[in-house]
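When the chains are written out, they are named A, B and C in that same order, and each has its own residue count from 1.
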Amino acid sequence: MKKGILPTAAALLVCAALLGVPALWARLADARRLNTVQTRPTLTGALDEAARAIPVLYELHASASESLTADERPEQPDQDPAVLCTDAAGVVTALADAGVIDAGEQQSLDTLLAQPPATAACRDTGDCRRTELWWYPPQGDANGISLYYSRQNSTGALTDLTLPVSGSADLESRLRAWMTLLGLDALDDWTPLDIRFAADSTLALYSAKGQATVYGQLSGNYLTLMLMKDKANF
Amino acid sequence: MTFSRKLTLGILLLLCLTLSIGGAWTIDQNLQAALLRSQTQNTAFHQRERSALEQALRADGAHSTVTAARTIRSYAGELQSSVGAQSFCFSVMDEQGTTLYSSLPRAVRYETLRQAIAGGAQSVTFCYPGTSRYMVLASPLQGTMDGLWLVSVYDITSVYAERDRELRQYLLLEFTALVLAGTAAAWFSHRMTRPLRALQSAARSMADGAYDRRVPACGQAEFDALGQDFNAMAAAVESRMDALRDESARQSRFVAAFTHELKTPMTSILGYADLLRMGEQPPERRRQAADYIYHESKRLEALSRQMLQLLGLQQGGIALAPVAVRLVFGDVRRSLPEDFPANLCTDCDPDAVVLADRILLGDLVRNLVLNAANANPGDGAVHLGCHRQGDGWELTVTDTGCGMAARELSRITEPFYMVDKSRARRAGGSGLGLSLCAEIARAHGSALVFESEPGKGTTVRLPLKEGRE
Amino acid sequence: MYPVLVVDDEAPIAELISITLSQIGLPCVQAHSGSQAADLIESQRFDLILLDVMLPDVDGFELMDYIRPTGTPVIFLTARTAVDDRVRGLRLGAYDYIVKPFAAPELLARVEGVLRHAGRRDTRLRAWDVVVDPEARTAAKNGVPVPLTPHEFDLLLALLHNRGITLYRSALLELVWGMDADPSNRTLDIHMSRLRRKLGWENHIRTVPRIGYMLEEEKTP
């Protein structure tokens, strides 16, 4: 009997000690966890920090929540065509500097802008100022020539434009140049999107970090470049 | 330690280990999951607060610290009135460390906030003043003023409190489980080892001398096999013990009989010798004393001779060779004493040759013949024969004398056993004659067969092997 | 005054006992089997029965059932030395046990003891005018006690036990003085002459030259 008591007691002691293992484990894990810096979980649909640093993207998302529409705005910008053309010329210069359009295109656009447009409109919607200019069609052409662009008020970035172009530069290089201009190239995860019924040359890229889509189209001598929030469906 | 106890403790330890480690891991995993949920939730909250604050700052177009602070305070005020003071704890600091606003609990230290800002917009830090636990998230505020940071502090004490409650509950659960399992295991292993204990007690009582103990079947295959083997062993031991006891008893009887056979003539010899050396005895008495001494001495001599022969036969084997039976019969006839009371008739197959020792076989036959003669045959004849039987031969000695009862037949080859003592004594017998014959038969690889009917006669048969090559 | 029954299947031994006992005046009847003994017991009375345990037909112990009703004292004779047997015998009612082989003096002593104890016999020995009590170790001549030394008394007993037999010097010396006695010792002669003088038996104790001494038998009228 004596001989059996010691191992039995030892075994029972071990059991008792093991009972405290969960608590001990918890204490140790706590100490470790509470002292380490952890990474924040990524929220689906949230803007990446890097993207936030790009002003145009920040404004794009931030201004979406602003409640004031164009109609509620008390003031509208100056509608003077001359002012608008001057402004447009600046845009063209910026685009040419960025490499979106070449020198030849810039020349023809400047020539165009020298003529007074048939219609000129400028509106503020949300954080954007949209400018639209239209000239009568030249001889033998059914349609007129239009020039359209939208600018973020806070950053001055060109988020939307449609220009008549004549050059030979391809769409992708123009798109990339424009993205660089906007500072969108800081993000590295621009992936091409599938476009159904793509007419002519079309390209769309989406960035999850920026939660934004860029769209480019080159058709009928017009170049269209757009920056949109979230993932666009085509 | 007993096997059943080892079993119980083993099960208990294993269970304890599994439950403890499993429980520890599970509870920790639960906490981790809860913290992750909390982190995700709080990150979302933090983003919202950040956007809201950024919007408020933009709307007010704050450019300086003072104006920013004012904006933030009014924002906080709105928040408090709509969702309550406890839900939102945050602080706005600039990169130099100046606090523009803070609604944080006093326990949260300044260093913690600096650390959180240093950790960056992707980090989650913790602080644990006293028994509380807080999760701290810091992100830069983008907008009109640069270098502003929002630091949100979320109370996660309840998550840990929940975990602690789980720990306590688990401890209780584990303890109960161990007690129940321990009891069940102890009882079960005790029951399971009952057959072993039965075996143990049977083995003990066998060791104490109760060789008739057996183990009953208990219905479990392994134990039953063991039990059967034990019973077989016990039976073997018991029969061995019985055999040894019988052997021992037989030896005791032998020694007792031998002692008696020895002491009786000694008594006569000593007594008469003593008488003679005392004094001048009358001539008749002297003659009688000398006569008794001589005859009892002869008796002793025959006894010792036969004993030695018996012992010699028991110890060593003898060499057998082909022997013609009629020659043996001739030897016997010649060796009979002159006063042989009966007529010896022989009927021997002339071709009979057996594997035997001529002298020993002769002794055997002579002895049987003398016994037959002493049985007082009615027709005054002793018939000696040898005939074919199967592959070998059979010797027979037949008389028509007084015969023997069945219960005597079983004992006649016992050493010193005499059916009629007085008659045997008169003939100078010691009771070893038939024992010797039985030994001689055994040495020849055979055995004597006795058939007798009281009043009718006796026949003794001895089968022998064919001796021809 | 009844005879002694000696039961033993060995004739020499029965004869030996018979000779020894008759020396001290005890007549004996011999039986050589249990059945013979049973017949004799039924038909005669005995003062003492000497019984061999290992009889061929009847176990000596069984014979006790026959003997006990008669009240005759029994001494068992046996070659067995096992204690159990001795105890068994005594329990069955035997007075004593003698183990074979035995010496004559031992037999005589046992028999005398039993006879005295059972009150069967007057074990005193008589020769002419002398009465000897072996138990009390006294001798009286004509009723007058005769003082004898122990050795003289033993000599007297030896002579009385072997009346008519010339006892050898060496035998007498051995009986009285023990095994280590020197046979050329004159002590024997001295003691014998003293004995003669004290008892007045100068003519009854005969010296046989170069052989020994003898106590004459009384002539029966």
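In this section, a contact is a pair of C-beta atoms (placed from the backbone, for glycine too) under 8 Å apart; a residue touches a chain by one contact, two chains touch by 3 or more.
What you see is a predicted model; the values in this text were computed from it and never measured.
A.B. asks: Quick check on the contact graph: shortest path length from chain A to chain C, in steps?
C.D. replies: Minimum number of steps from chain A to chain C: 2.
A.B. asks: Taking the mean of all protein CA atoms as the centre, name the chain whose own CA mean is closest to it.
C.D. replies: B
A.B. asks: Which chain's mean C-alpha position is the greatest distance from chain C's?
C.D. replies: Chain A.
A.B. asks: Using mean CA coordinates as chain centres, what's the chain A-chain C distance in Å?
C.D. replies: 152
A.B. asks: Measure off the straight-line distance from the CA centroid of chain A to the CA centroid of chain B, and report it in whole Å.
C.D. replies: The separation of the two C-alpha centroids amounts to 85 Å.
A.B. asks: Can you compute the centre-to-centre distance for chain B and chain C, using the mean CA position of each chain? Integer Å is fine.
C.D. replies: Each chain reduced to its C-alpha mean, chain B and chain C end up 68 Å apart.
A.B. asks: What positions in chain A touch 2 or more of the other chains?
C.D. replies: As it turns out, chain A has no residue touching two or more other chains.
A.B. asks: Spell out the part of chain C that touches chain B in their complex, as residue ranges.
C.D. replies: Against chain B, chain C makes touches at 9-10, 12-13, 15-16, 19-20, 32-33, 54, 56, 79-82, 100-104, 162, 165-168, 170-171, 208, 211-212, 214.
A.B. asks: If we count contacts the way the header does, which residues on chain B are in touch with chain A in the complex?
C.D. replies: 1-2, 5, 9, 12-13, 16-17, 20-21, 23-25, 27-28, 31, 35-36, 39-40, 43-44, 47, 51, 54-55, 58, 119, 121-128, 133, 137, 142, 160, 163-164, 167, 170-171, 174-175, 178
A.B. asks: For the complex, give me every residue of chain B touching chain C.
C.D. replies: Residues 256, 259-260, 263-264, 266-268, 270-272, 274-275, 277-281, 285, 288, 292, 295-296, 418, 420-422, 425 of chain B touch chain C in their complex.
A.B. asks: Once bound in the complex, which stretches of chain A touch chain B?
C.D. replies: Against chain B, the touching part of chain A is residues 3-4, 7-8, 11-12, 14-15, 18-19, 21-26, 29-30, 33-35, 37-41, 43, 46, 49, 52-53, 58, 62, 65-66.
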